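Lettered A, B and C in written order, each chain numbered from 1.
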Amino acid sequence: MTTSTSNRGSNPIWAFIDANLRGAGQVMFMNNPITGALIIVAIIWGAVAAKTPEVAIGAVVGVVVGTATAMALRVDTASLRQGLYGFSPLLTGAAVPTFLGNSVVMWVYLIIGAATTTVVTLAISNVFNTWGVPALTFPFVLTSWFLMLAAYQFHQIKISSLTAPMLARPVAGTSLDLSAADLVTSMLKGVAQVFLIGNWVSGLIILIGLAVNSRWAAALAAAGTIVATLLAVGLKGDETSITAGLYGFSAVLTAIALGCVFYHPSWPVLVYALLGTVFTLFVQAALNTALAPVGIPSFTGPFVFATWLFLLPKRDLTPVPHHKHIDDGVLTGTHPKA
Amino acid sequence: MTTSTSNRGSNPIWAFIDANLRGAGQVMFMNNPITGALIIVAIIWGAVAAKTPEVAIGAVVGVVVGTATAMALRVDTASLRQGLYGFSPLLTGAAVPTFLGNSVVMWVYLIIGAATTTVVTLAISNVFNTWGVPALTFPFVLTSWFLMLAAYQFHQIKISSLTAPMLARPVAGTSLDLSAADLVTSMLKGVAQVFLIGNWVSGLIILIGLAVNSRWAAALAAAGTIVATLLAVGLKGDETSITAGLYGFSAVLTAIALGCVFYHPSWPVLVYALLGTVFTLFVQAALNTALAPVGIPSFTGPFVFATWLFLLPKRDLTPVPHHKHIDDGVLTGTHPKA
Amino acid sequence: MTTSTSNRGSNPIWAFIDANLRGAGQVMFMNNPITGALIIVAIIWGAVAAKTPEVAIGAVVGVVVGTATAMALRVDTASLRQGLYGFSPLLTGAAVPTFLGNSVVMWVYLIIGAATTTVVTLAISNVFNTWGVPALTFPFVLTSWFLMLAAYQFHQIKISSLTAPMLARPVAGTSLDLSAADLVTSMLKGVAQVFLIGNWVSGLIILIGLAVNSRWAAALAAAGTIVATLLAVGLKGDETSITAGLYGFSAVLTAIALGCVFYHPSWPVLVYALLGTVFTLFVQAALNTALAPVGIPSFTGPFVFATWLFLLPKRDLTPVPHHKHIDDGVLTGTHPKA
């Protein structure tokens, strides 16, 4: 992955801005402030077009609060500068105003949530470092699931657009009469929905931002949303979700992560990434069913779970065999300390 | 943390009683048999006042069965003497008669549940030792969730006071007309609800028991229930839950754990513990929503999840960066064993 | 555990068949191609008798796809030959046609699911190797949960026999008027239900297949289904589930795993395995309640969770004590990298 190291001067204000821009880029694994800046532009464009500027403001507040919290906790400086403590809080900051009603309480909730997302980033990173895999956006997913679920229990935190808890049913078979133009805008929206933005122009800006740093990432993002959207259409998924780009965004992230970030691109890797991308779509559909009774969206959870499962396999792995007794089990042999 | 080491003589009966009393204290991190004895007194007081003496008997049976099971499994003797294998079974023993109907079957179920809680304590401790954090009360939470969920499937195990499975809805806005005296008793009940006791006198006895061993612990317990209760009132949570102390008990445990047990008290630690305590309230509200469709309470789960997330961050952590290829991945490089 | 090493010649076709037969045996921890062949016979017998031959075909396709995927990923050769990459995909292959409607799409879904199950086997093995315990059938359980949940969201994937999402209620008290013959056939079906087959003759064939490799395994399998079925009857569980053998199969696997596979048989081990088997029944009942709102079966999840909890306790374990400060916590001491 190309790494832009310019502009990392001694000016603390610019260094802070640089870390935050990289944080925006790191949602899509791009350690590049220009990519990050274009992503911020895309978020603002989409939020303003949808007349929900609070989503863009929330995203910016989120990344700033998250990065500042990391500084207050005196975390590893190199990771901080690369934006690794900013990207999950940015998403928490975008999610809260997307689903909860605008009020002073909501903004305080968002700031506490963004600060907590940084703590959770440190916690999840510690756990998953054990197996050499990253925390991905799980700190955002976990924290925001808590924040959304909790909103149901407090009258002062208003729910604006969560789907009320309900039991899932098999989706009805519809005609899915999509034109080629519908398909393309759905796919572009799929890219933008990584940031909870349902706007195809924003998706295009983000693809350009990716290409600035890595053409592989841009190509894989496009491939991810194309594969997931076409597969969802072919399997006759819910039309509203497809046209909103909601089946695309987790697949986009999986395709980039498996295809060029954590593995070098090659034919075997691309086949593996394709399987992982297809599986991401199934995990997303699965979480739609599983989370329906509790009234929260899956966020980027499908990307996280599928990508973890496809990154954890190691080449020198020897599973615990089924004929081996556990020597140090509580019932085995002598107890030296007893 | 002050550690009382007196009374640990060679008399095996007294040593067993001492380990059980410390087990009662260890629910709140106090390795002190006097604290444990006062906690048992508080449980008995509250259970008798509510005309549910079976809850107090269950708690005592739980800690004894749990400690005896640990002895039968010949576990680490030092931890056994400190009560570390008794505190989760004590809570399982209090929970079963609180929610299930009194019968011979229930008592057998409680004893099997308490013995299993010790096995689960060993299992969860093994897993979380990997990251240097304790199992906390998760063995109680996990085992008791299984026991409660299972009760729905067996006609011979009667459910007495679980809320039937239902989908959550946004909580209605009520006036919350609480007097200062209501608030204080709610807060004291919050302390007692750690042991599933809704009695403010019991809460006061427990605070005294804490102060015997650690004034910091007593002060933080009080602060935890004050912060959580006031915040729940301010956010307009469910009035019945607030006045029963149900929003206080997990916050109490988080405040003690983060504020003085696993970190030394200091201003940064107190700010961090405050954030953790506030987050505990959000996790508790979240679990109320998430567990509603399956008809079980959250127990001390909110404390466990929030405290784990706030203990896991380490100062020398370097997360897996987003530009690093996974060298030992299944698709990477040569396979030496193939 | 006896290990049959014959027939592992240099002929690659026979070696592949051998690995797949062992894969069938490894579902029940038997590294023996004859046991595996008898299990395949039992699956075919039961599937044909129920006029669902697609279940047997699915099982065979599953193990072959799973083993082939492992070869393509160039995994550890010894484990591959022992069938350790085939047993979970076999179960995925049996589960998909059991619950989803027969169609071309279903078969493609099954093949993708079986290949993914092998990836998930590698992932889960990596994680649980950390604590010296095996992945068991969790890769099957996890992947198949995703596949079943996802089916609700795609009109082209037809659900044939999943119970629609519903909230659990306390089970009604029925008379449970079972004859001795009913009980015996229920218990034998319990053995066969490991492979999603509700046929008592199949259960008998499987017991014979176990005895070929290990008389302890056969005896413990019988004991597991006897204990679980009698206990479910005694506690008045749902009669339809009991007579279909659905309360037996997870207990069978736990009894074998704890009683003679991962520990040497002895009196303490048998008592421990009995507690684990009883707990497995409770976990199964618990998952029935917990999964009802999302409309999926528990598969062998109860066996996995109970067996993990009973294998993880180690004799030299020292839990993190409650009086120890966390030295390397984010708020503790100096930050060398800051």
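Some notes on this structure:
Just so it is clear, contacts are C-beta pairs under 8 Å (C-beta built on N, C-alpha and C of every residue); 3 or more make two chains touch, one makes a residue touch a chain.
Here is each chain with its UniProt name: A, B, C = Urea transporter.
Remember, it's a predicted structure, so these values are computed and weren't measured experimentally.
Least-squares overlay of CA atoms from subunit B onto subunit C yields a rotation of 120° to the nearest 5. Counting the residue numbers used at the interface between subunit A and subunit B, under half appear in both copies, so the two copies meet with largely different residues. One simple way to say how far apart two chains are is to compare their mean CA positions; for subunit A and subunit B this gives 32 Å. Taken residue by residue, subunit B touches two or more other chains at 73-76, 78, 122, 130, 167, 293, 311, 313-318, 330-331, 335, 337, whereas all remaining positions touch fewer. In the complex of the two chains, the subunit A residues touching subunit C come out as 73-78, 122, 130-131, 167-174, 232, 234-238, 275, 278-279, 281-290, 292-293, 308-326, 328-337. Every residue of subunit C that touches subunit A in the complex is listed here, in rising order: 1, 3, 26, 29-31, 73-76, 78-79, 82, 84, 105, 112, 115-116, 119-130, 132-135, 145-157, 159, 164-167, 261-264, 266, 268-269, 272, 293-295, 311, 313-318, 330-331, 335, 337-338.
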